[in-house]
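In what comes next, chain A is part of two complexes: it sits with chain B in the first one and with chain C in the second one.
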Partner chain A sequence: MSIHLDPDKCLACTTCVVHCPVAEATPAFLGPRMIGPAFERFRLLGIVEDDSLKYCANCKNCEIACPQNVPVATINMLARMAQCQEIPPSFRDWIVAHGEVLARGLKYFPAWLKNMGTHLSLMRTLLDWIGIHKDCPMPNFAKTAFRDHLPRLSQKGFAKSVAFFPGCYINYYDPGTGFDLVWLLNQAGYRVFVPKDFVCCGIPLISGGFEKDARDNTRTNLRVLAELNAQKIPVISACPSCRLMLTREIGEFFPELMPKEKISIDDAQSFLLKCIATGELDIKTAHNSSVNISAIYHAPCHLRAQGAGLPALELLSYFPDIAICEANAGCCGISGSYGFKKEKYAIAQSVGARLFQRITTSGRPLVASECGTCRLQIAQATKKPATHPLTLVRAALQGRPLTLG
Partner chain B sequence: MQLRTDVLVIGSGPAGLTAALSAAEHGCQVVVASSGAGTLAISSGCIDLLGQYQQQEISDPWEAMTKLPPTHPYSLLGCERVAKALQSFQAILARRKSDYFVAQKDGKNVNSRLPTILGTLKPSYLIPQSLDSSRLFSAKKVLVAGVEGLRDLSPKLCAHELALLPEFAETTFATTLFPSPLSQTHRGVSSLDLARRVASAEGKSWLTTCLGRFANAYDVILVPPILGIKASGQLVSELRQMLHCHVEELLTIPPGVGGIRLRETLIDEAREQKIRFLENVRINKACVSGQHCEYVAAVEDEEENLRLYAKNIVLATGGILGGGLFTTPDQVQEELFNLPVPPVQGQMCNASDVLAAHPISQTGLSVDRSLRPVDVHENMLLDNVFLAGRSIGGYDPADEKSGFGVAIATGWYAGVMAANAAGMEASA
Partner chain C sequence: MSVDRIETDVVVIGGGATGIGTLRDLSLRGIAAVLVEQGGIAHGTSSRFHGLLHSGGRYAVSDTLSAKECIEENTILRRIGAQCVEETEGFFVLLPEDDPDYVEPWLKGCAEAGIQTEELSVEEARRLEPEISPQALRVFRVPDSCVDGFRLVLHNAMSARRHGGRVLLYHKVTGISQANGNIQSVDVIDTLTQTKKTLYCRAVVNAAGSWSGQIAALAGLDVPVSPDKGSLIVFNHRFTSRVVNRLHPGSDGDIFVPHGSITILGTTSVATDRPDDTKPTREEILRLLAIGEPLFPKLQTYRILRAFAGTRPLYTPGNAQGRNASRNFQVFDHASDGLHGFFSIFGGKLTTYRLMAEKVCNAVASYLNVNTACTTKDQPMVEEASAEHLKAARHAFPVGDLSLMADRVGDDLEKVLDLAKKRTSSSSAGNPLICECEMVSLAEIESIAQDPDSHTLTDIRLRTRLGMGTCQGTFCALRAVNAMFEHDIPLSRDPLYELRAFLQERFRGLAPTLWGIQAQEMQLSRAIYAGVLNLRKETYAVKN
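For the complex of A and B:
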């Protein structure tokens, strides 16, 4: 691994330091400016890595704030991958980064058994012992993974099709959101399929320092994406982190893998907005349903980092039955699997405190956010149900009241 | 994604935020798009209006304002509008229970002189209570207090330099270092770290104990900007009452803490006004037909990430540092609309005094009285684009001490003009 990004665009203005949620939560972290562009100069001199690099959550708030476009978080992740080649990551770090591999391995165990594993207090003690905090929120495995269930849906008579990159979260833990998306796209006249070769986008592997595994996944995904793009089949994602990785990040991490043609993946909400604009999706029926949903929306950091606005908010605003306000209170703290880790749990909770408080005092009974782990963290901390915005859109369009767990 | 709005503000520095609030106040639907968080969050948050005139420090900015050249942004707006802008800004701060004030002398609004960590004095106009320096100039005994591990402030240097100033001929200065409230830190401690700690109950009690040991012996205690992270001034007044001593913050290098307090205040207000923020968006394409901007967009790798249709646009992209102006070795450019930047006037190098004003600081775009961009012959170039803040030329914020003043004045007026042009009734 020998990619180094130019640190010299940094003016040392400290804007990123002010906006880094981890630096706010703990003085044990050098902070974005120092660990990113400043330390990069030491790295170029071959000076040994600073131990506090491990605190960077790859949340991207530094990059969102930086006026000079310095890829601070990417510099950090490249450094982490280089570091992990010297010092192999722990067993725990392997586990949290390889959710997909694990889930595939456990495929033939029933969900209740797997979920017992994540909820029984004895198991939690065991997980705690290997470094997964005993109080951290954990997702439940769905009975059937989204990708296994999708072929059983009858989607007949659609002239157009769209390829869906479901990501690990929707696939293993939250197929319901996937089906809401399928339903909505069917309404717009699209058949939805998942190409069989799609694998984990690789962002958890990057954050964990597993360069080779991330590269392998990237190579596979790029091949599939290039084929789809060549056939002019639109590809969409409903997970901000997957889309961030597949559109913006892979070129920074693996420039040598990038094809000449631009790879394009649309945000699911953004795609639906286009369907409304072209008339493919008719939302008139939504105007005489009476579903009355009141929710507060949390914009995931990895969505904000994409710089393409907040399409979910835009989409929700089309439905008079949905009263939505924006939390606008920064990071939830979980950062993928960061908040699962024993030594990071307290930091993750402290980072999310402002958001939790805003949600609690908002008086809204429901939280909406695209990111699965954000929802997990928020639901645990605020005791309010949290759903994907697409679930609300479907409810409003179908005139079907939400059933909330 | 595509979006439609009445007013689009590009840039979220002080000029952009003020423009957004003023357009929203006049009934417009407002979207703010910016790449980067702007300079506000790292500043000290004091609003410089006009601190120097012809390199001399002045007390009454309003009197000096009438003498500025006709091309200065204040002259283009006129003193009355500048005053109205500041009033409107103060009203926002008051509504948010923020404690900004302007010093008075002989019934006039005047500049305050604020001590810095280097032991110098800087003039500023609209300032928070924590920076109230009125007692400093009559104090007999002053303590400069630093904090262990906070390398930005050397109390001895600060006190030594202040004592050399004629204003303090009768004052005695002492110094101390408070023990750090942060047990183990891996990085150098900043004022912001301490301010965040003081915002907690333990941090507040740490500070009260530290100050309490000295409060009886001194008239004024100067501290780095660590008095919490809220602009409400509640903590400051509580401390002053409890200790019977005037605790006051020093201006410091970034992050200046005061700026974060101010920014959060403005963003809270913006949220209440339902202003929408689009982050990490670098607007780099403008579609103009004739003199009218149809839409702007953020393009990356030849793909349009975002397209924004607005009836009116406020361009508040800042100067060279903010990203609104781009420099090459021999010229300055504005890249979005390709607006003409008048060539730099004056001697570019070999300045004998490196701290004196430099002509590059005057560089920026030309506007008419409605803040629309114009060419060298004063012809209007765009009919629905209004400029605000540092991207406008004809003034030197560093030398004049007028940065946020111009940003707020032009921001407010650009917001009003944009609202007017969008068909809203706005009085100015």
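For the complex of A and C:
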């Protein structure tokens, strides 16, 4: 790995340091500017990588804040990948980065057994021993993965198609959100399918330093995306991290794999907003329902990093039955699998504290956020149910009360 | 006012590489010697060049003797000055605009001088250094290296001190006295305290570089030295890991030298009548960029940190000028001018400073009837820090790799480690990074500040690299002054005066290159210091 991003644009202004939730939570992290562009000048000199690098959560708040457009977190991830070429990552790091591989391997075990495995205290002690904190929130495997169940749905008579990139979270742990999206798109006249070759977007692999695996996944996904784009089939994602990775980050990590044509993947909420604007999706019926949802919305960092506004908030505001307010209280701390890790669990909790406080005092009974792991973290810390905004949209449109476990 | 009286055998004038190298050589031979320098260590040319430790390849055609001396001294310095030298190797690159017929005589010259060369395919060279122009026709590898001129002088001084040599910094020579054709004494004034001193001695070595004409004049002598100004550009990052030279007869703007975190492009050559003519002009900088671009096509896009200039002390008998003047050095025994015990050394280049010192010390030793041989090429200047030792101190530093710091501080290492441990165990703030761009911790600044030879923030900067990176002092200047004030680390003057003087000095190098991102950086700096802190000229005037 020899990509080095030009560190010249950094003014050392430390805006990123002020906005870095990890630097605020722990002095063990030297901060995004130091470990990013400043240290990059020494990486070019061949200095030994600093321990502090491992504390970067890749939450991207530094990049959101940077007035100079320095890809700070990307510099860190490239450095981590280079470091992992020298020192192979631990077993624990392999596990948390390879959720998809693991889930595939465990495919034929029933969900109750897998979930018992991840929730039994003996199992948690064992996981704690390999470095996954015993108190961290963990997702439950769904009975049937989204991609296995989707073909069983009857979607007949739709003239238009849309390809859905479900991401690992919706696929293995949260298929309900996927089906809500399918229902909504069906209402707009689209058949939804998942191309069989789509694999994990690779963002957990990047964070773990698994350069080769991330590259392999990127190559596969790019091939599928190029075919879909060539056929003018819209592609959508309901996970901000997957979309961030596929629309921007792969170009920074693997410039050599990038096709000349721009790869386009729509945010699910933006896509639905467009459907409403064109009249494809009729939301008038929603005005007659009486679902009465009151929720607080948390914008995931990886959504904000895309700089494309908060489409979910806009979409939710179309429905008079949904009273929504924005938390606007920063990062939840989990950053994918960061908050699972034993040595980072306390940092992740400390990072999220402000958000948890805001949610708790808001008085809203429900939390909405697109990101699966944000929801896990928030639900555990605030004891409030957390759901994907699409689930609320469907409930309002269908006039069906929410059932939240 | 009383005049302090110091007695010694030899007074060395000039605290650059040659002078301090001479002091070290004399001290190792057991000859008592005192060195006087008008500024801080390496205040003249030794810290104002590109930092190339020549393999000799540059002189292979024009000057075989220089080339031979270069490769010999290059080999010695890599051994005795490991902390000052980065063994990068170098490339000589032939571009389409260069004369292809120069290659054969160049290779022959290198072979004659004993400089190893190896031709690489252009693909291989560009795999190693991807930023080099794809237009390159031929690439040769040579044992060029990089040397930190300032550190080299500092470590020489540390070694000299260990052997009894004495260094008087900020001491200006005001007179040289003789009696009956023999050297008697040197009058100096401490420019910080205005104290006068007289150094009684048997011999004087004039190693004042570009200033040696002025020194000789104090003794009523005339030496053929002409200062020749060379300007250089410092870039923010290391876009090459090797020294890269154009394969053509030496010219302006054809050497790129990586240096720690930065890259330096040099040099121009303009005759000047002032040895302290160290102000680069914008025209020179633009010209250097234009000349350097064929070798590194993206050159204009790399961020420039600053520019600086130094004056070469060229030996110019018969009025030879600029690049035509020899880079050879000359030892002069002024007995032929009727003054016994007065020796001048001039010309030469940093790479051969040790040899120059050896030659002049041979002459001095023979004049003083001392028979000890020169041993400077056998002993490392400072001891190498052991890896285990550094590892044990790792917890007391904010950044894990301590090697850069250890190389910088030389003999002061133990002191820095002790201070760092003390800081870490005594307060929760520990030993924070003060300068992030160059990774300098508080303990290092504290240790250097306590050195009696450190007077200003600039003295600390030179030894630690504080303020020499990306932000050019924008953040670390305030942090350093603040930390020093907070921890009762003495500065010789009012902290706000120090701050302004430091920033003014940084700005001096920025001024001729103020465009692009660095101009934005300076706007930020101005906003902080002139805006928020109101540190304006009227409030804190600094004499330049």
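Operating definition for what follows: the second predicted complex is superposed on the first by the 405 of 405 C-alpha atoms of A that agree within 3 Å, B and C clash if a C-alpha of one lies under 4 Å from a C-alpha of the other, contacts with A are read in each partner's own complex, and residues count from 1 in each chain.
Going forward, a contact is a pair of C-beta atoms (placed from the backbone, for glycine too) under 8 Å apart; a residue touches a chain by one contact, two chains touch by 3 or more.
Not measured: the values here are computed from a predicted model.
S.K.: Both complexes share chain A, so when I overlay them there, do chain B and chain C fit or clash?
M.R.: clash
S.K.: Now for A:Val18: first (chain B), second (chain C), both, or neither, which partner does it touch?
M.R.: A:Val18 sits against chain B, while chain C stays out of touch.
S.K.: Once the structures are superposed on A, label A:Pro7 by its partner contacts, choosing first (chain B), second (chain C), both or neither.
M.R.: A:Pro7 sits against chain C, while chain B stays out of touch.
S.K.: After superposition on the shared chain, which partner residues are touched by A:Gln85: those of chain B (first), chain C (second), both, or neither?
M.R.: Neither chain B nor chain C is touched by A:Gln85.
S.K.: After superposition on the shared chain, which partner residues are touched by A:Thr144: those of chain B (first), chain C (second), both, or neither?
M.R.: neither
S.K.: Between chain B (first) and chain C (second), which, if any, makes contact with A:Thr125: first, second, both or neither?
M.R.: neither
S.K.: Among the partners chain B and chain C, which is in contact with a greater number of residues of chain A?
M.R.: If we count touched residues of chain A for both partners, the winner is B.
S.K.: Where does A:Asn292 make contact in the superposed view: on chain B (first), on chain C (second), on both, or on neither?
M.R.: In the superposed model, A:Asn292 contacts neither chain B nor chain C.
S.K.: Quick check on the superposed pair: does A:Leu30 touch chain B, chain C, both, or neither? Answer first, second, both or neither.
M.R.: So A:Leu30 meets both chain B and chain C here.
S.K.: Considering only the touch criterion stated at the top, classify A:Ser317 as touching first (chain B), second (chain C), both, or neither.
M.R.: A:Ser317 contacts neither chain B nor chain C.
S.K.: Between chain B (first) and chain C (second), which does A:Arg41 come into contact with in this model arrangement: first, second, both, or neither?
M.R.: A:Arg41 contacts chain C only, not chain B.
S.K.: Which residues of chain A are in contact with chain B in one complex and with chain C in the other?
M.R.: Comparing the two interfaces on chain A, one with chain B and one with chain C, the shared residues are 11, 13-14, 30, 34, 52, 68.
S.K.: Could you pull out which chain C residues touch chain A in their complex?
M.R.: Residues in contact with chain A: 236-238, 241, 258, 260-262, 302-303, 398-401, 403-404, 433, 436-437, 439, 469-471, 474-475, 517, 520-521, 524.
S.K.: Taking the complex as given, what residues does chain B use to touch chain A?
M.R.: Interface residues on chain B, with respect to chain A: 1-3, 35-39, 41-42, 182, 184-187, 189-190, 192-193, 196, 254-255, 260, 267, 271, 276-282, 298, 300-303, 305-306, 321-323.
S.K.: Going by the contact rule set out above, which residues of chain A touch chain B in the complex?
M.R.: It comes out as residues 11, 13-15, 17-19, 24, 27-31, 34, 52, 63-69, 262, 264, 267, 270, 273, 277, 304-311, 313-314, 326, 328.
S.K.: Taking the complex as given, what residues does chain A use to touch chain C?
M.R.: Touching chain C from chain A are residues 6-14, 30, 33-34, 37-38, 40-42, 44-52, 68.
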